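Across the two complexes that follow, chain A remains constant while its partner is chain B and subsequently chain C.
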Partner chain A sequence: MKKLTLIVGLVCSGFVVLVALVSLVWTPFDPTKVSTHRYGGLSWPHILGTDGLGMDTASRLMTGAQTTLLVGILAVGIAAVIGVPLGIYVGMGHKMLGEVVARASDILYALPALLLAILLAAAVGASVMTATVAIGIATIPIFQRMARAATLTVMSQDYILAAEVAGTPRFIIALRHILPNIAPLLGVQAAASFSMAILAEAGLAYLGLSAPQAVPAWGRMLRDADIYTAPGQAVIPGIAIAVAVMGFNLLGDGVRDYLDPRLREVR
Partner chain B sequence: MSLLSITDLSVEFGHNRTRVLDQACLSVEPGQRLGLVGASGSGKTVLASAVMGLLPDNAYVMGSVVFQDQELTTMRDKEFSALRGQKMSMVFQEPMTALDPTMKVGRQAGELIGLHQQTSPKATRTRVEEIFDQVGLSHASRIAEAYPHELSGGQRQRVVIAMALVNNPDLIICDEPTTALDATVQAKVLTLLDEELSRVNAACLFISHDLGLVSRLCEDVAVIYAGRIVETGPTAKVFHDPQHPYTAGLVATANIDAVTPGERLPVIEDFFDPSQEVRS
Partner chain C sequence: MVVLRAAARRLAVFLGTVLVASLVIFLMMQALPGDVAQVALGMGASPEKVEELRQTWGLNRPLAVRYFEWLGGMLHFDFGSSLVKGQPVVDQIRPRLGVTAWLVGLSIPLSLLVAIPMGLTSAMLRRRASGALINALSHVGLALPVFFLGAVASMVFAVKLQWLPANGYRSFAQSPGEWALRMILPVGTLVIVQSCFLARYVRTGFIDVLSEDYYRTARASGWTKWRGLIRHGMRNMATSLVTVVGLQVSSLLVGAVLIEQVFVLPGLGSLLVQSVGSRDLMVVQAVVMLLVFAVLAINFLVDLLYLWIDPRLRRGKTA
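Up next, the complex of A and B:
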């Protein structure tokens, strides 16, 4: 049962990655080429039909996988690169700063990604990048809290005390002893946040706060689909988003079960 | 000149200044082994932590701790870091948690060398295998490549002892180093500690609640009760002719063999009334 989660997760997320890679070298049509063949149904050579501007849906779907992965990687990257060091630093002591960071995290946590995205879009214009940065910033508190909590647990272990007794500088302790010990937890969180970021970006794109129409992105395709004339055009990217989100979520769960510290010893 | 001399060391915690160590005086000569015995909560570990500079931020330290002519209580972190692991080291109680589970034990031990000396990776490796060999870990090169969970409790504690010895310190503080081990392994580890201390001629502050262990390993002993050191002297003398009633109680309660079957076992309170001690 546990293995099934991991396998389904791997297959779904692996498929998205594979499609994105293939789209780098080959798509059936140019994903941004406008044609007169508007709202074409499922037919050869446009196997998934065409959208309102006559662009090939299959090609856009494939290229859209790139956008999706980019959004996930960048958003999680921003959140982890800022949140994790901050969490470890605060978790290793520094009571005053710890309070400040904790409250700042609370404030940021209360601010939804949507609001941040609207602010950013208003300030610098809507694009995939502004949406991604907004999602990344909104995810920082999650990583900061998790890293802090995990660091606190690790700090109470004797091997940290032993390292301190041996005169190890704090920075080295953080890098060599704390980070490797909290990495499994962070990895699982990264997978979960990855799927959340994908979903959030799709939502923002649907609201017109992310990709412009020319850029192939799943959320944008959902927005541009006319559900009366060509309902399939909304269903197809919808399925793609569902597969990607479910895939990375299950991958995270599967990895967590696999790395469960209670099972670690017997593995 | 003593290697370590503790004078009137008091430690208090928190806002209401709970005193957990009260004007403790101790001295350890170079190469001397001093046992520190007392019940749980008597302040043994706090004393060791004060010497190692490991007390939490909410602790107030008064008095003085002089190690090799250097005052430790006022020493800055940076200088203290250079001293710890180099001149003084520590053996921990729980070998399970004293080793980082994500790091090969050879690398962990090697890291300690690298912190205090400039050596090549190869020389570090050789030194690690040499010290592992000395503490009786057979196939030292294979053990060095193992993660802590792949070793037995006894092996782990040998690694911990090897790590304490690796920089040839002048003082080793052992905080109940054999408590977590079973009786046979305990005996072996104690013998090892005995041999290694003699070999490198390091002084040792051996913290324990087991009087048997202390009398086997240490020539001198200090008895601590409720944060106060109540008696100090040569181990044989203190245990055979205890001057303080608390020590007498400790010795009698540890010596169960002397009780004739059917008789009530002695308790500390037979010898010593804590309420009177607090008032005095």
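Up next, the complex of A and C:
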């Protein structure tokens, strides 16, 4: 049963990655090529039909997987690169700074990714990059809090005391003793945040605050689809988003259960 | 006394956070590349015209002066004037406040009403196929983008079956019946997504209770599973659930923005998206501030509620 979570997660997320990789070298059509064949149904050679500009949906769906993965990787990367060191640093004992960081985290936490992205889009214009950066920034507090909490647990271990007594520099302690011990936890969080980022970007694209129409992105495809005349054009990217989000969610859950048997019953 | 002091501490943190958030929002809007007045008048406008407008809007005064003026204005509901339409921002916000408030206000209690039985059942039956099915369903619901679900719902119930209107809004005062019909799909969509999220927390909470000593004692003294879980489980779950609901408010507001777009509802979210489109910065700034304030205020209330539910926190110390 629990293995099932991991397997389904691996299959779904693996499929998305595979499609993205294939689209790098091959798609049935040029995903940005406009044609007069508008709102074509599901038929050969356009197996998933065409959209309102006559662009091939299957090709756009495949290339869209790249956009989705890129958004996830960049957003989680930004959040982790800033949040984790900050969390470890604060967790290793800096009371004053700790309070400041905690408050800053609270404020950022109250500012949902969407609002941040709207502010950024209003400031520098809407693009996949602004959306991704906004989502990444909004995710920093999650990594900061988790890294801090995990570091606090690790800090009470005897091997940290031993390292300190031996005169190991704090930076080396952080790198060699703390980071490897909290890495599994952060990895699981990364998977969860990855799917959150995908979902957030899709929402922004739907509002017209991320990808422009030319860029193949799933949320944007949903926005441009006319659900009354060609419902299929909305359903296909919608399902793609759901598969990717569920895949990475289940992957995170599955890996967590696999790593820590005590957590298996929880959630 | 201790309770009062703990509450006062939370109030101070809340007010401080609001202040810093307002500063952050203000500064972000100031950091814009390009001149607001130039944008408003269009690229063809003469430098004299732009300068004149800058004077009228007071854009030439120091940053700090403008910040405190904005902040002070908000204290008596003066959010400044729209840069595009010229009318006060508050006049644009007021008619839309109700729509978003209804969406969020109805979704929170309704999704709890769905999530608690859902989580309880899936915790109780977790070793059976039916419980696993509920859990799987909540995973699927969690992955569905709220705007996609809304679009599909509108496709099925409005276009195909023609049971409900596809979009638009009537105010409650205008016609309660029409209002209710038009709220079913948007609120229903939000409730499905929200309850799938909350049900997972409810499930975890109840599974935790199952391994507690007090639950075993209740079972040993002859209580049924369900009675033990409901009488003892509920209260213990309430604290964590209240926290989650508080945190969920921000995601619900985001969901409301998307849902307003799907169902063409004239709420705060659609105002925000429109204003970004027309680069009406005063409106964007005001609405974002209002939404952030709502999130912070609800989190503050949740903190107070927490203090009330869990007596252990009243001893102070904990932040």
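One rule holds for everything that comes next: the second predicted complex is superposed on the first by the 260 of 267 C-alpha atoms of A that agree within 3 Å, B and C clash if a C-alpha of one lies under 4 Å from a C-alpha of the other, contacts with A are read in each partner's own complex, and residues count from 1 in each chain.
One rule holds in what follows: contacts are C-beta pairs under 8 Å (C-beta built on N, C-alpha and C of every residue); 3 or more make two chains touch, one makes a residue touch a chain.
For clarity, every value in this text was computed on a predicted model and none was experimentally measured.
*Asks:* Overlaying the two complexes on chain A, which is it for chain B and chain C: clash or fit?
*Replies:* fit
*Asks:* Go through the superposed model and pick first if A:Leu97 touches only chain B, second if only chain C, both, or neither.
*Replies:* neither
*Asks:* Contacts for A:Leu119 in the overlay, against chain B (first) and chain C (second): which applies, first, second, both or neither?
*Replies:* After superposing on A, A:Leu119 lies in contact with chain C but is clear of chain B.
*Asks:* When the two structures are overlaid on chain A, which partner does A:Ala162 contact: first (chain B), second (chain C), both, or neither?
*Replies:* first
*Asks:* Could you say whether A:Asn181 touches chain B, chain C, both of them, or neither, answering first, second, both or neither?
*Replies:* The answer is first: A:Asn181 touches chain B but not chain C.
*Asks:* Return, as a multiple of 10 degrees, the angle whose vertex is the Cα centre of chain A and whose sides reach the Cα centres of chain B and chain C.
*Replies:* That angle rounds to 100 degrees.
*Asks:* Quick one: classify A:Gly219 as touching chain B (first), chain C (second), both or neither.
*Replies:* A:Gly219: touches chain C, not chain B.
*Asks:* Name the chain, either chain B or chain C, that contacts more residues of chain A.
*Replies:* Tallying touched residues of chain A, the top partner is C.
*Asks:* Can A:Leu42 be said to touch chain B (first), chain C (second), both, or neither?
*Replies:* In the superposed model, A:Leu42 contacts neither chain B nor chain C.
*Asks:* What's the minimum Cα gap, in whole angstrom, linking chain B and chain C in the superposed view?
*Replies:* 15
*Asks:* Which positions of chain A sit in both the chain B and the chain C interface?
*Replies:* 265
*Asks:* Residues of chain A touching chain C in their complex?
*Replies:* Residues in contact with chain C: 1, 102-103, 106-107, 109-115, 118-124, 126, 195, 199, 202-203, 206-209, 219, 222, 227-228, 231, 234-235, 238, 241-243, 245-246, 249-250, 265-267.
*Asks:* Which residues, counting only chain A, touch chain B once they are in their complex?
*Replies:* Interface residues on the chain A side: 93, 95, 157-159, 161-169, 176-177, 180-181, 183, 264-265.
*Asks:* Sort out for me which residues of chain B touch chain A in the complex.
*Replies:* Contacts found on chain B: 52, 54, 57, 80-86, 89-90, 92-94, 97-103, 111-112, 115-116, 149, 160, 163.
*Asks:* Residues of chain C touching chain A in their complex?
*Replies:* 13, 16-17, 20-21, 24-25, 28-29, 31-33, 132, 139-140, 142-148, 151-152, 154-155, 159, 200, 203-204, 207-208, 211, 250-251, 253-254, 257-258, 261, 272-273, 275-277, 279, 281, 284, 288, 291-292, 295-296, 299, 319
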